[in-house]
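One chain, chain A, appears in both complexes that follow, with chain B as partner in the first and chain C in the second.
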Partner chain A sequence: MKIPLRYNLRSLLVRWVGTLMTAIGIGLTVAIFIVMNALVNGLDSTFVQTGRENQLVIIRQGSLAETNSYFDRGLYETVRLLDGIAHDKSGQPLASGEITVIINHPRLTGESANVLIRGVSDMAFAVRPEVKITSGRKFRDGLRELVVSQSLANRFQNMQIGKTIHIGRSDWRVVGLMEAGGTAYDSEIWADYEDVAQEWDRPIYSSILVRANDAKAAESLTKRIKDDQRINLQALDQKTYFKDQMVSSIGIKALGLFIAVVMGIGSCFAAMNMMYSAVMGRMKEVGTLRALGFKRRSILSSFLVESVILALAGGILGCLMALPLHGLSTGTANFISFSEVLFHFRITPTILLKGLAFAAIVGVLGGILPARRAARIKLVEVLRD
Partner chain B sequence: MSEPLIEISALSKVFQRDSVEVRALDRVDMQVFPGDFVCLMGPSGSGKSTLLNIIAGVDRPSEGSVIVAGESLNEMSEDELAAWRNHHVGFVFQHFNLIPVLTAFENVELPLLLTSLSKKERREHVTTAMELVGLTDRMDHYPRQLSGGQEQRVAIARAIVTDPTCVLADEPTGDLDAHSAREVLEVLKGLNEQFKKTIMMVTHDPHAAAYASTRYQLEKGVFSKEGARQTV
Partner chain C sequence: MKFLPFLLRNVFRNRRRTVLTVTSIAVSLFLVATLLTVLSELNEPPSTPDSALRLISRHKVSLANILPKAHQAKIRSVPGVKGVCGSMWYGGVYKDPSNFFAQFALTTDDMMEVYGNDVVMSEAEKQAFLKERTACVAGRKLAKRFNWKLGEKIFLKGTVFPFNAELTLRGIYEGPDESSLFFHWEYFNEGMSKEFGGTADFCGFYVIKAESAEAVPIVAEKIDALFRNTTAPTKTESEKSFILGFISMLGNVQLLITSICSGVIFAIVLVAANTIAMSIRERTREIGILKALGFRRSQILFLLLSEAIFITLGGSLIGSWGARLLYSSIDFSAVTAGFFQRFYVTPETLTLCALIGLGVGVVSAGVPAWQASRRPVVDALRRVV
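Showing the complex of A and B:
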């Protein structure tokens, strides 16, 4: 860098209106880029945080998820007695047979979304210590009672304690709220297994969550279930199972990437426009610098650097614009809901750095042509006025 | 007599404008010796700026050769010419051409950024140059805070700060009032007399021409017979 940076900084300041406008434009793009990343990050971490070591989700062979798995109740009795499953203090195997049902329910804002109802027994809480009732109480058998996750209660109609929801053929009363430590269970409603099975006339299980004694036991259990021709089930590592659910965020990623690219191209043009007018207005200065002995390469890098500074200023604005949204996630509107999964909106330092890198790329791409134009001036002609 | 510092032989420059050829310089020969203060006169469009630009390595000849300080400019690449200009030429423009966003000090320092001088050495050189043009009290002023005459003196400081082989000035007083013009010419004269700087100046102004030791008269791209090389 032969030409001093202050030359670029002051040149940008002299044209501060144009600089500010362009920076705001780039800033909006960067803000949206950051928001996209924060959404995906929130979604990813919800699934990554879900699950414990040495626990297995057992579902029907060939099913991809609990929600499209079902099997005979008798299989539960077979599975819970298998070797390698841990036991609780009273000697019961830690195996939780569960049924899942999807309902469509209106949000507070009016439009409907899918919500998962999980019919469980006490064992479900034993294998998921992260799930805690935070207010009210647990549901009782046979009374059509619900425990709703705090995040759903914040977002959906009639999901607050004391309210009643009509699902299936009956009215169900919300008696408690729960939290699940930012895991996927934070987007669920739990009720008594028998109640749910009766309501939908489905005497089946969707899944069994079991805790193995150790990693080795988990491995042999998985193999045992796979190899047994009589039980048409598969056992999946609980953490892996939820990580694989992340594929659902690929769509959001692709959409985010598409929006970022489209807006990024727009920003490149904004930067290019600004830099072209800067170059045109400073032809004589460029000619003077060249006459003083600065090489074309120095001129090129000087304008490129100026463009990157401009874009980075936009990047910083973008970070400042996006950051308040992170504040929101700990405030009242605690979650952003995307279909049936609710997740935290997380802006991390890495995401901010990515936003700045994105801005820098916009600066380079937008600046390259104007900078080349500046480097290739016809010296005599610009010096002749 | 010593070796010529600038040696021009059979120099022609043809500009192509649309389909019309303009012959700005037509087989010009010229020699400038170290310590000369040369003045180039002639009507508008006679080729004065073109000649000066070619000597400065800013423009290239169509034919003929230019040798400055023993080096032939004809063979140099664009980047070699840039480095050569930084080393050998101090250029003074009619419209001063200071960088508006840089202070007087920073403007004068610019050509030194291409040398290997330290920050401290650069400061010393800039201060010396500003002393020579009598503007040490204006170091931190921006060009718009200076009068035309002061701007041109800063530009002269920038031209001499690298201690170049020759100072080339294209109508340096063209934008100045009579008083400022005289100040600028006195500075150039001082450089020539005290520091033996070789100076080549284009001007319209007979008063300005009076400062020179040698005068050339250009007419339509050739030196006019009676005007060629008058030594005062």
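Showing the complex of A and C:
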């Protein structure tokens, strides 16, 4: 026969101070677990969300990123005329030749980080409909004007509309802000291609982003470019190209896993302490239950359930503690592009469930020994005591 | 002191509870010590007498911009400069991208002067390296990681540059950073010049050795003044602040780690407070007897507090010293691909952990001990627990 759940709930409530303290302790562990997961998830999903189906990033053969790729301008003409590339309404092939450079620039907090500048033409907007200018206007060519992502403007000095940044030999004016729907392009500054190429004295392209007609066309384009020894370029699926940059979260992942494991162990001991004292304080009750005919197994599972309820209460507290951080924006180094990538803490229902599961595991591991202790008491001794 | 046996008896009266509490505190402080060590390793890169004399000069816009080779001779003529070494981050792939390690192409003329005792090899290895164009040297830990022997052929596939390096290992060096590989800039330049169909003649940055520590800031200023109005202006800073600049790109690690540590500490306060409150509550009657025997309030308070501190301080010492012992036996350079050269739990960290243990004891035992010491004798003796 099962011992009613109400018995456990009431027992926890009777010792509410101890219950609450243990629950908050476990809750803090769960909160940290959720926060670390939210960091990794936010960073990873920035890369996962970037890119569209059937679009290809074309860079120099052998390079791993746009930021260390460069090739002759003439190749652009060769590439854009290839078969299988989609065209816009006016009949232009959807191929955007771009140059990417990096500047080291101070954040609002003072310390510096690398920021990626993309020199583009109008075509860049056509192949990335997610990029929208939200205030101000687009840059005009020849005037050294910049459009900065809203997230960068919130984080870096002199990146707000009307401000000026000195780069190389010129002053560049911020004339607009853009948003890119939470993609990696939300960490970039865009400017006119010719302006950037001149300033850096590099008459080259770093990459060409093309849209293929369909999946089949994308595949044959990739092969066509790879096989052409003369152009020495490679075409990478845009989504895969950005997914590969998820390697940037490897440090946070390792740290998060380490913290979760160690804190989990610590919490198990805390829960075990609490449950032992619960068992020891209720020996007489347990004896009575046994005398009433409850099986050892029922007593074992009853105490285990009590421990899990305690831990889950902590888990729920942890979720509540972590939730306010959802959406908080931050940034870290993108190892592949060698520039800063901005992202948001992303707490999803899956992460919350993971947090609760983590709490439940703590409850089971912390409760198993005390519960076994309770199940094993000698009836006669306890009742005589 | 005469109460010590009494104290110890009380500490171990409920052996299981004490062990569980000490363990959960030890595990938590192990985590705190680890996180604090991450911070101290990031904020305090290993420093040597030679590294304190070194400066790094890079392009003002960012490290991704190159500097002309001609800068080297000009920097050498700056008063206070003892040696200048041109350096280029090569970023090649050894067999597989996951085998990541740092590779630099260095001008060899001033290399030994600039690195001094931070790159130590036998004279024979040094000569063998210097006289062979395609020779390279690797740090001891790096060589161990790939099981390289002298004479090993090392093929690196260029990713940043369209040039593959075919190298022969001629030396294995010892020093504070043993996870990098150095080869001849002249060899790199030849390869790049061939690729460009002209002369490449550029470096990524210059490593400069100043004559004295006092000269470092002056040299930095003079170098930057020298190139201020040229097409390649520089930013020169001490090697340490150059490294710290890199660390700051990772984002706000400081805030993340300090918030996690606060969470962990708060959680252990709860755990400790909980168990200490339990053990004091159980002893209400005993405390009443002590008072009846003539113990003063302050003495009882002192006894209870010392008991709590014994437990929390014990836990924190086990945790933090455990971290120190464990990490001193692990080669962190191999585990983190050279990100951490070492992982040393500093005396400051150990002291801080001990203080945390002390503080947790006082905070968590304070209220229940104070209450217990103030309870009237009659009340305490009558109280049914």
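Criterion: the second predicted complex is superposed on the first by the 368 of 385 C-alpha atoms of A that agree within 3 Å, B and C clash if a C-alpha of one lies under 4 Å from a C-alpha of the other, contacts with A are read in each partner's own complex, and residues count from 1 in each chain.
The definition used in the following text is that a contact is a pair of C-beta atoms (placed from the backbone, for glycine too) under 8 Å apart; a residue touches a chain by one contact, two chains touch by 3 or more.
It should be emphasised that the depicted structure is a prediction, and the values quoted were computed from it without experimental measurement.
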Task = Look at A:24 in the shared chain and tell me whether it touches chain B only, chain C only, both, or neither; answer first, second, both or neither.
result = second
Message = Output check: A:285 vs chain B and chain C. Expected answer is one of first, second, both, neither. What do you get?
response = first
Message = Applying the document's definition of touch, where does A:273 land relative to chain B and chain C: first, second, both, or neither?
response = second
Message = One more residue to check, A:251. First (chain B), second (chain C), both or neither?
response = second
Ask   = Taking the superposition as given, does A:296 touch the first partner, chain B, the second, chain C, both, or neither?
value = first
Query = Looking at chain A, does chain B or chain C touch a larger number of its residues?
reply = C
Request  = Classify the contacts of A:204 with the two partner chains as first (chain B alone), second (chain C alone), both, or neither.
outcome  = neither
Request  = Report for A:169: first if it touches chain B alone, second if chain C alone, otherwise both or neither.
outcome  = second
Ask   = A:360 contacts which: chain B (first), chain C (second), both, neither?
value = neither
Ask   = Which parts of chain A are touched by chain B and by chain C alike?
value = none
Ask   = If you look only at chain A, which of its residues touch chain C in the complex?
value = 17-18, 21-22, 24-25, 28-29, 31-32, 39, 60-64, 67-68, 101-104, 109, 111-114, 167-169, 200-201, 232, 251, 255, 258-259, 262-263, 265-267, 269-270, 272-274, 276-277, 330-333, 338, 340
Request  = Quick one: which bits of chain B touch chain A in the complex? Just the residue numbers, please.
outcome  = 49, 53, 56, 58-59, 78-79, 82-87, 91, 93, 95, 97, 99-102, 106, 110-111, 113-114, 158
Key: chain A contact footprint on chain C (complex, rising order)   = 16-17, 20-21, 23-25, 27-28, 30-31, 34-35, 38, 61-65, 91, 97, 157-160, 162, 231, 235, 245, 248-252, 256, 260, 263-264, 266-268, 270-271, 273-275, 277-278, 339
Remark   = Seen from chain A, its contact residues with chain B in the complex are 2-4, 6-7, 10-11, 14, 284-285, 287-297, 379-380, 383-385
